[in-house]
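Paired with chain B in one complex and with chain C in the other, chain A is shared by the two complexes that follow.
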Partner chain A sequence: MAGGIKKFVVGTFDDEKVLFPAVKNVRKAGYKIHDVYTPFPVHGLDHAMGIRETSLHTAGFIYAITGTTTALTFMSWVFTKDWPLNIGGKPHFALPAWIPITFELTVLFSAVGMVLTFCYLCNLAPFVKKHHFHQRATDDLFVMVIECTDKTNDAEVQSFLQTAGAHEINVQHAETGWWIGRYHKEQKLYKEEKGY
Partner chain B sequence: MSLLKYESQQREPLVDGNKDYHQVTEDIIRPIEMKPSLLWYIGFYISVGLLCFGIYSVYREVTYGIGQWNVNKTIGWGWDITNFVWWVGIGHAGTLISAILLLFRQGWRTGVNRAAEAMTIFAVMCAGQFPIWHMGRVWMAFFVLPYPNTRGPLWVNFNSPLLWDVFAISTYFTVSLLFWYSGLLPDLATVRDRAKTKFRKMFYGVASFGWTGSTKHWQRHESLSLVLAGLSTPLVLSVHTIVSFDFATSIVPGWHTTIFPPYFVAGAIFSGFAMVQTLMIVVRKVLNLQDYITLGHIEAMNKVIVLTGSIVGCAYLTELFIAWYGQNPYEWYAFKENRANLFSPYGWSYWLMMFCNVVSPQLFWSRKLRRNITVTFFMSIIVNIGMWFERFVIIVTSVYRDYLPSSWSTYYSPSIWEIGFYLGTFGLFFTCFFLFAKYFPVIAVAEIKAILKTSGENYKAKMTDLEKMDGEKFYIEEVEHGHSPVHAH
Partner chain C sequence: MDHQFQLPGSYKKWTYGLIGAGVIALLYGFIMFHPFEHAGHGTNVNSTRFWAVLLQNSVFFLLVVNAAMFFICVTTMAMGGWVIAFRRVSEAISSVVPILGVLTFVILMAIVFGGRSDIYHWLDKEAVAKDHILSGKSGFLNAKFYAIWSFLTIFLWWFLGKKMRDLSLKSDKDGPMDYETGKKWIWNNTVWASLYTVVFTLTVASTIPWLWLMSIDAHWYSTMYSWYTFASTFVSGVSLIALFVIYLKNRDQLPYVTEEHLHDLGKFMFAFSIFWTYLWFSQYMLIWYSNQPEETKYFIERIGTAEKAGPYKGLFFFNLIVNFLCPLLILMKKGTKRNWTMVTVMAVLIIFGHWIDLYQMVMPGTVHEHFALMPFEFGVACLFIGLIMWGTGNYLSRHSLLAKNHPFLKESMIHHT
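For the complex of A and B:
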């Protein structure tokens, strides 16, 4: 799925202590941060970038109560309506005996639902390919990507990033969405400009 | 560095050596990019050999029936269910490390969680084999699922602990797999982005699902991990509780006790940590990861072993006392004559269990022994043997002399195919583990990086210097403006 080709200024940072004030300054200057790619979860970076809290856990809760209700209604229906079995003369509606399965289905629905939602929201799946602004974003660099609009002077952004403490700075034209592809084949949908 | 991230200097570093982020990647990913050693090939082929023997044993059992095993009407579960409970128990340590220690914010889990979770998944795979093939007519295995059928529909019995087990084990396997794999995604992306060969680019490209490391994705990933940990914590306790219900809800002397759920859970964690030790001591040596799985990690796990071993010991004594105090003649006979009497047919197994699980781990009260790798390795094997015998004692000594003396069966010993099936699951487990250690990062790379600047040896050393500064100045420099580019070192 193509998200359209856009122009970006990319700057790399090698220390979180430099990255945080840089994020703050870039936002203050009015530039639009497309994303910051980091090799590990940097705590507080989402707040610094002004990203809202995720609601994934709420989704997890909804899946969980779906599991609880599914298990309870199904077992009640089977043992009281569809085929009531006499098990040692005990009550047909044997709620205490159903607690283990109800609990297991609650957990199962919640976990499976949350992981699928997570993959859906982050566009994660096998054979999904995305543009990677820097190969070392999964190794040791924090890669800040600033989106250029028609009004942006990219030379200005580049010098701004330099003063903010970025090391490698370049301009890239990139696809923002994802597409079906494999990583051993060069399948770029665009041409890259030479960086400095 | 905010206040929350500050870690006391009294704590041992979790990552030794002078590391930076790139060095962490190098150290952990390099073994994946190298040809495996001769030792790996030897170990792998032995495992595959065992697996083949196991497959043949199962083939015999399926073709000729359960009679290929020496189980009989009196001792119907024998080795098979002993092995099942043993393997499930081993799995529990992985979830404890990855979920419960995450909720308790134990930093040392990052060194061992990935491999321990893999161990969980493989152990549960092995465990699942035993009840399935024990069905005899295994092609009817799908009867345990509540699906609409043409026999009524006649549903499964939701009141039966054996069905609870079906749900518990399958949920446990699914959730552990999801938890493990979602944690692996960022690390697989790291391998992908370093890949030089075509195969690696393709394989890790597919496996990493197109992970980029976007801040929003990390935020969701953190939320996902936290909730999955919160779900796995009661789940792991429920799984062995339900396994213990297989016994505790029956009216067999020696099984019919309310102490079983906590006693089984403690035993499971105990045996699981022993298996983690066995694997980790080998892995850190072979893959050269002593900087990440330090003596501190091994000591921490030994502390869990001595704690859970003592809980298990307490449970053994409690059930013995209650068997006497309860004044039920059948219960007391099972404990006094079938177990505690050393000269009864299986008395030796009870005392072997007592020695391995209760007496020997007490050595770990000594710090010196907790930090001794050789002692730890041998102890981990002893504990695993002991915990296998615990399940053997529970299953066999409770039923071999039942209410009807004419059906007493004291000659039970496993057949070669029964042993072969057990060895086969070792083959399955180690085949999977060898492949995992070759193709996947055995340590959670991203998680190590996240704790590096608070718990790495070189960063802690820097912090010691900073602490010598004037208190107020330290607060302003490090805590308030911790993210400032103008920095004191």
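For the complex of A and C:
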């Protein structure tokens, strides 16, 4: 789903020690950080960026109790109403025997549900593409992306990033959302960028 | 900050108050329950009750304080650095092992050599001779083996635990370590921790619960039983560590303990509550499913049958609610595990719940339907809690609260979950 084309100022960092104060200063100066792309999970970066805590675990809990209820209601309906069987002389409502299955369904629902939710939140799916601000974000660079509004003076942002310790700084017009297809066909503005 | 802790007056007051209450309960038991008379056949059930309550409390609290040393040893072997900020607290709790160990040993010997066949049916020689199941087990269930193995166990818990504590205390005197000394010191710790863990496996995780608790129901057996007892006492042990950590934190001690450490302790409490439930359920379900009379006997004595509810039915399910449902639903949330008040409440609840758990493991086979949760039972528990507070307080006030030369200290200070 295309989110529209926006202007971004992109700065790259090669050290966490420089990145953290830079994130802090950029936020203090009032610029809006679109995202920081890192090659690996950086502890505490989410806090520094002021990103709110994920609700993924709440979703997981809801999926889990859905699984629990599904298992219990289905089994109790089957074994007491729909098709009661005498199994080893046990009561039809044989709760202990159902617990393992209930447990499995609880885990299954929450696991599959959370994976799908995670993919949805991160826009991850086959053939879905997103704009790469810098290829080396997947290798050895931390890439900070600042979103520009109509009022943002991008030259000012660039010099700000320079003093914050960024190495490569450039301005990119990029798609904010995701699309399905190939990079070179869909992303017309890609070639205009410096350094590629 | 010199990390030296002065025991406040209120702590001492509570310690001596609890011990005093316990001694009064014990004296009351001595006078009223005629503990040295044989129980006969249901005529003098109070005499059985006296020994059963002592057995339950001594075994439970000894295993709980011993779990603190197990906690140190497993984290040492796993190179866990995060515990160092409060390691002295677990050491302090484990230093109670010799005190409760001696007391427990005396109680166990009084039961075994006092011929209390109302507690351990296998002590009755005539019954064993006529009973092919008990005579088959008599190589294991006999007074001599019981005494030797109990002595060896308690001695090894104390000895290996003391080695671990001495290594830690020695590091305070020896000053900061360089890389090579630190490496050697960690290796020494790992060796003693491994030895302790091997002994722990051969005792707490297998033979000791068979001997001390499972042999009450001498005909019955369960392969889950020792792990079940281990899970019960380990989760209580971690809760006890959390309680002392929070108490000291409230007294402006332990400057490097943060919410992150509390969060991880909370995770341990949560995880081992679930582990306990897993064992509880596995034991219950297999017996329920196969429905063999010699196996279901254990549960019939507790919850009864479909026709007639057993005397322990309420306690049995209360146990499951307190030790499973409450930790599951309350400790699941990250916010609760990082909340000092909530962890305190849950720790107290878990320790109480598992005390009840041990209660319903000991009582049905000894006092049968004549069980009582009266001031006597709680009074004896007070005695043991007071002794734990006394021993732990002594250790805490005598030594630095921070293992300041531990090579992993920095790892603990910057711990982040």
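We take it that the second predicted complex is superposed on the first by the 181 of 196 C-alpha atoms of A that agree within 3 Å, B and C clash if a C-alpha of one lies under 4 Å from a C-alpha of the other, contacts with A are read in each partner's own complex, and residues count from 1 in each chain.
Basically, a contact is a pair of C-beta atoms (placed from the backbone, for glycine too) under 8 Å apart; a residue touches a chain by one contact, two chains touch by 3 or more.
Remember, it's a predicted structure, so these values are computed and weren't measured experimentally.
When both complexes are overlaid on chain A, the residue A:Leu105 reaches chain B alone and has no touch with chain C.
In the superposed model, A:Gly4 makes contact with neither chain B nor chain C. Look at A:Gly50: by the touch rule set out above, it reaches neither chain B nor chain C. Of the two partner chains, chain B is the only one that A:Lys17 touches; chain C does not reach it.
Judged by the number of chain A residues each one touches, B leads among chain B and chain C. Of the two partner chains placed around the shared chain by superposition, chain B and chain C are both touched by A:Ala97. By the touch criterion defined above, A:Tyr37 reaches chain B but does not reach chain C.
The interface of chain A with chain B overlaps its interface with chain C at residues 43-44, 57, 90, 97, 100.
Residues of chain A touching chain B in their complex: 15-21, 35-46, 49, 51, 53-54, 56-57, 60, 64, 74-75, 78-79, 82-83, 85, 87, 90, 94, 97-98, 100-101, 103-105, 107-108, 110-112, 114-115, 118-119, 121-130, 132, 135-140, 143, 165, 178, 182-184. By the touch rule above, chain A contacts chain C in their complex via residues 43-44, 57, 61, 88-91, 96-97, 99-100. Interface residues of chain B facing chain A in the complex, by the touch rule stated above, are 2, 5, 20-22, 25, 146, 152-155, 157-159, 161, 163-164, 167-168, 171, 174-175, 178-179, 182, 185-186, 189-190, 192-195, 198-199, 201-202, 204-207, 209-224, 226-228, 231-232, 234-235, 238, 242, 245, 446-447, 449-450, 453, 482-485, 487.
Residues 281, 284-285, 288-289, 291, 306, 332, 334, 416 of chain C touch chain A in their complex.
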